[in-house]
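Below, each structure is written out as structure tokens.
Shared chain: chain A. Partners: chain B in the first complex, chain C in the second.
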Partner chain A sequence: MNRREFLSRTLRAGVLAAAAGSLSYWLYDGRGPGPDSTAQGNLVVLPDFSVPELSGRMSVITGADRIRTVDMGLKAVGGIEAFIRKGDGVLIKVNAAFASPPILGATTNPQLVSHVATLCRKAGASSVVVTDNPINDPQSCFTLSGIGDAARSAGARLMLPTGSSFAPTTVPHGKLIRDWPLLHAPFQGVNKVIGIAPVKDHHRSGASMIMKNWYGLLGGQRNIFHQNINDIILELAMMVKPTLVILDGTTSMMTNGPTGGSLSDLKQTRCMIVSTDQVAADACGASLLGKRAADLPFILKAQNAGLGTADYESLNPAREAVG
Partner chain B sequence: MAVQPEKTETLVGMAILALLVVIAAGILMRQSRYDPQWFTMSRSEHEIPQAAGELSHLQELLPDGWVPLTPLETFSPENLSDKINGKAELYLAAGFQKLESQRFKRSDQDDSWLELFVFDMGSTRNAFAVFSTQRRTGSTPVDLTRHAYQTENALFFVHGRDYVEVIAAEEGLADEMLAIGRNFVERKPVQSDELSEQSLFPRKNLNAESIALLASDAFGFSRLNNIFTAKYNIAGQEMRAFLSVRPSGADAQQLAEAYHAFLLENGGSDVDSGTNLPEIKLIEIFDLYELIFVHGRVLAGVHEAESKDAALELGLTLYRELQEVDESQ
Partner chain C sequence: MKIVTVRRISQVFFLLLFFWFCIVSTFGEHWWQLRGWPVNWFLQLDPLVHVGVMLTTQTVYAGLSWALVTTVLTIVLGRFFCGWVCPFGTLHHLFGYLGKRGRTLSRKAAVNAYQRGQSIKYYILIFLLSAAAGALMARAVRTAVALAASLWLLTAVTIAIVALTIFGLTNQLRKTGTILLALVGGWTLVGLLYSMEPMIGASLQTGLLDPIPLVYRSVNLVLLPLVDSASPTLSVTQRHYEGAWLIGTVFLGALLMNLRTPRFYCRYVCPLGAFYGVLSRFSLWRIGKRQDQCAQCQWCEADCEGGCEPTGTIRLPECVLCMNCLDQCGHGLISYQTAPSASGAIVSPDMSRRGFVVALASGIAAVPMVRLGGYTDQNWNPAVIRPPGALREADFLSRCIKCGQCMRICPTNIIQPAGLEAGLEGLWTPLLNFRVGTSGCQLNCIACSHVCPTAAIRPISLEEKLGRGVFAEPGPIRLGCAFVDHGRCLPWAMDKPCIVCQETCPVSPKAIFVREYYSPLRNGVAEVVRSNGSVLEIAGTSFQAAQLSTGDYFIRLTTDPTNTRRPIVDNADRVLAVDPRTPFGPELAIGSRIEIQVRLQRPQVDPKLCIGCGVCEHECPVSGKRAIRVSGENESRNKRRSLLL
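== the complex of A and B ==
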């Protein structure tokens, strides 16, 4: 090989390498894989379910009887009729994450679900859907937690997730929830959303309350979000703007959350929080766990994103004690 | 002078290039239809298939009158969070390898049930880490293994490399849970589950049930791993002693210095210990006291003492204990 041929071959090799590199760069998707790139034109976005004229309402009711405290709590924020009107389609997002018995407090209390669903129907709701995409097998979770029977007994429709229940969503301005499967089918015909969650310690985020509970609306391999727990909770709160939230601190899971396992993980904190501000509800719930809002970064992030206030006292919550 | 390739070489070269083009086209086609959900194991895939009527080995532990409520489930590090969600990180950080779980019920009572969890943690040390960091206060020790206790509705114990939980859906099943525990222990003989570090803590003022092993991120410092802690009550003040046997004295020294620097970076300030032991560092941080020292391969100290005197009292007791252990060996 002579010098001229060497240079010529080197040049051709260089051009080939540059072409291959350029092609790779052109094909590179820096955003990463979505759930179904063919459905990008069919992204769903949840509407705003809040009632603007009822914003900033909150009640904190003390007592051991959930039915009485939630009744009082709802009355103090205007009554269920202020939120649910005749013909409304209501979705109740519960925490049915685990196939765990009600006494362990890892899931939403079934009596509370039944009662709120009944109130919605009495207020004129045309349909009430109870749903969640649990961590464990959905059938077992709804059966063993007692939520399935509770929902049915109240005339609500129980919707367990199936493969066709999901549609891709992207949270506007979100960095994590992009083209990600959302449990969307239960939202068909729904114009009001109520979140009901227990107060729990959480090994990763420090607490699992209202905002963390929206995690059960995600599908796919969502456990990857645990590496970025505070940001995913923030984006969940950005994704769901509920009509009303009910944070059940009648019994709080103080340790070993989110699963618990022992009755000794629980404490009778005797508190029911009803609010239209999910950030305020979580901030108040944090105090039941002996924490401040400042101890839980996701609360401050949500406040900074304009989703509500961590200074729940500024809402002048109605306070009552029953029993 | 250029050498012209033979016809065969040209053909082979063309064939290879054609093959590469086909492979590239295949990759592009597959990638354009990528859906991460396809790569998530379905529940049915991560459960061990169990034919109807087939006995699982956990079922063999049951007392009379109990039958399976659900099939045996098995989870690996990749899908542990499908079972215990956010708590999975605790187990993964401690070396988790496999979980087997199954629910059982009374044969004549559907709502009387319990769930058995067997976490294979890879070693007694790892099993003790998850056992001790979740230990419930006010629980009742059980004469089952060296590390075992029960609460109103649950039984927790370490046996060899396994951390076992038996969780009932109601109170009043203590006998049944214990029977399952005893069957488990009897059917699986193991070596001694003694962890040598536990005996290094001074006995005086020690809450023996409080000894815990923090697998990672101890006291909020990411480099502080494999740390044993124990609660002490001195003059009405509660604090924790800690110790960790490191691979070498140099490693222990390096870690001590890093932890010391971490405390100073986070608002701590050095305080004169008033002792003639220069290796002891005393730091005041947020109105609490941290004490750190290295003895041989052991990094040790006191965490969150309310007063300087209490920190020093416990720290010096621990220091002397480690010296005595050295001298006796």
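== the complex of A and C ==
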């Protein structure tokens, strides 16, 4: 009995010792961790969302009623159906940067958001996502700006940034956006991207319009990029190749941007710009702020990088007036 | 020779060896200083360090493989380490001996009787290991949940539990199995219901109570500096360690408890002892009785170190193999043998299921709870400046065992044990404090990174630290960045020339540069009442003799459009002298107004070059709260904290 007990104990002790030994051998790490022990593994890269055969289209519609101007603008560039097909997954990147009411014009107009989202749904989009990583508290931003309600009422899905929404990206040929957190979760299942932004004064870059609005797709300590604002806007435009952009210059924030805060900061500029060329849209938007494209280095940089044209007149934009 | 004599020799040998390693952990070139002595050997022998780092990182860092020796020996022999090797154990043994001298046999036997409280150490062990294993478990669950098979597994586990319950729980193995399966099943279920990864982190806290890091920390940071202060030999100047009182109190408290109960720490607290206790379950040799019947004289329990009841049914996980019972038994009935004890033996730790589950769950939950403070995330504390080579904070905390070796080896004494700066889980981890010690982090020193036993501070080369050769591209290792406090800096706030920080900046080209600025003196405007061109008698203000002759003071004519300044070479209370070779010309009429200016060089930090070594902070003459201070921003171990593009 004793012998059997001892043998069984020996066996178990042997197995335990062997297990400990082989586990340690298997996990042996003679060198220790490297410099960046948590280097992110898989970098995501946003695909090109543009529709090649629809490049270089643009319309500039005058009017005070956003619904009418955007309808007309979309029609002039080929109609929403040309961009959104049945079954598409659409992402609408709004400017919801600040927790301020729509009347102050610091954020994308909510009626415009719900209207475009509805149009996408009608065109057959299987899903429409509205998202932004705002500067102020996300929940407050989407609530106060009215964009949250607008998105939901149009049957779009509102996606607020959470800790797990971000994945590191590197912009090909970029110098600034390297292994940087990108608001990536909303892009799941998305094949069309529409940028909708208001025209605003911006103290550091001169203007905040379509290209600057992609800033809201970055996470992390993104404000360090303000040390080189023009190049970061360029890289944002390199990062996102949208299907369509809508630059809302119905009212423009002329001063105290990009937060505004007073009606006296706004001016009725009565203009809706719809384009597949984000550089052209911004160049045109600049004129609403009384600036030329040449005043805004990021526009020229984007043009030189082949992302679009600053000479928007060369696209022969359709011009109409409604109302 | 008696077996206990051999044990005593072994204990003394290892204790002296340990003290020797502490002594030679001194930066220098003498043979008794750090010349390749294996100073971490005891830490590397410690399987709790080994297992802890394995749980948090799933790696076994180089020297930690030594622990396999102790592990395997313990599996075969039992808790030999506690009774024969452990330096802390030997100290307890010694103090316990002092405490029990003069006690009667029955009193001695009474304090050595097994107490239920001795099971606390197992709960401590479970708590500490589950805190370390939380992240691993969360990851395992995610992997499991990602598989479709996990649902089947969950179902199978549920069925197995139900089956085990139905077929009775009389058998101990079945009970254990049920608990295990319930945990696996419950865990998987939780994983299916929600993602745990965001909050559960791997936090290595074993070092708080693990006796080896504890004794290293206590001896190196408290005992040696105290002993050495009488006639400094280990260090040139007195070593200081912040919060040494707490480390010392824990150490002394643990030792003094022996006066009440011998080996109090080993019996009640020690997680390493608990780990050995679990490992010794299948030990081939064990203490036991040759025959059940004995005189019950209790002599064997008089000096029983483990409190393991050798008289009756011996509790093997408590036995520290002190061999006293063997020696004491006048009848030769106790032996260290392969045969089971004639009076039976208890091989399992005395743990309740409930206690086990509570310790496990609270260990896992404790880490997310302390991390709610956000110290590893957005609420990181810029005062937490880690030594060069330290990993990112979360990774650092998953490896640092708070042994204090880096603090011991640092030649300048700037590596200090943290209080609560890095959160509760950062207690006693290394922080840099540039106010204590003899300088900042020395440019050509990488000692801490090479002494670190777990690579929480990973081993770096000088090339890497300084950003030379192949490391030119990533640049030097930055600990943080120096910031000038304009409200305290002498040239910025007090019109006093200084720039000690600029001069002592060891980086080339210097990270601190200066901008020249001429500041008008307070009450520095005067009217010239007499002049010979180079010596001016003034009215309207006065100065102390030679106050302005330092070379930093200049005279400017308030009406001079060219702003020409002439340096003052000497002064009396109302007389100013400029260099006679550059006298004032006819423009200096009697009644002219002059302004005395001081030339200031105001320091400015170039964040691109600053490595955060803290030499400037150490040298800053504003000796309380320094006028230039290093802050954690821009540290290279986390590029998300970069200050620059």
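Just so it is clear, the second predicted complex is superposed on the first by the 282 of 323 C-alpha atoms of A that agree within 3 Å, B and C clash if a C-alpha of one lies under 4 Å from a C-alpha of the other, contacts with A are read in each partner's own complex, and residues count from 1 in each chain.
As a working rule, contacts are C-beta pairs under 8 Å (C-beta built on N, C-alpha and C of every residue); 3 or more make two chains touch, one makes a residue touch a chain.
Everything numeric here is computed off the predicted structure, so don't read it as measured data.
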item	value
First, second, both or neither for A:306, with chain B first and chain C second	neither
Partner chain in contact with A:205 - chain B first, chain C second, else both or neither	first
First, second, both or neither for A:164, with chain B first and chain C second	second
Contacts of A:136 with chain B and chain C, given as first, second, both or neither	first
Touched partner set for A:5, first chain B, second chain C, both or neither	both
A:220 touches, of chain B and chain C: first, second, both or neither?	both
First, second, both or neither for A:264, with chain B first and chain C second	first
Touching partner for A:176 - first (chain B), second (chain C), both, neither	second
First (chain B), second (chain C), both or neither touched by A:52	neither
Contact residues of chain A, present in both the chain B and the chain C interface	2, 5, 27, 33-38, 220-221
Parts of chain B lying in touch with chain A, wherever the complex brings them together	1-2, 28, 32-37, 39-40, 43, 70, 81-90, 103, 113, 134, 136-139, 151-154, 156, 165, 167, 169-171
Residues of chain C touching chain A in the complex	50, 54, 57-62, 65, 67-68, 71-72, 75-76, 195, 198, 279, 281-284, 338-340, 391-392, 394-395, 455, 458-459, 464, 474, 639-645
Touching residues on chain A, where the partner in the complex is chain B	1-2, 5, 27, 33-38, 97-99, 101, 103-104, 135-137, 140, 144, 181, 202-205, 208, 219-221, 223, 226, 229, 255-259, 261-265
Residues of chain A that touch chain C when the two form their complex	2, 5-6, 9-10, 12-13, 16-17, 20-21, 23-24, 27-38, 163-164, 176, 179, 220-221, 224-225, 227-228
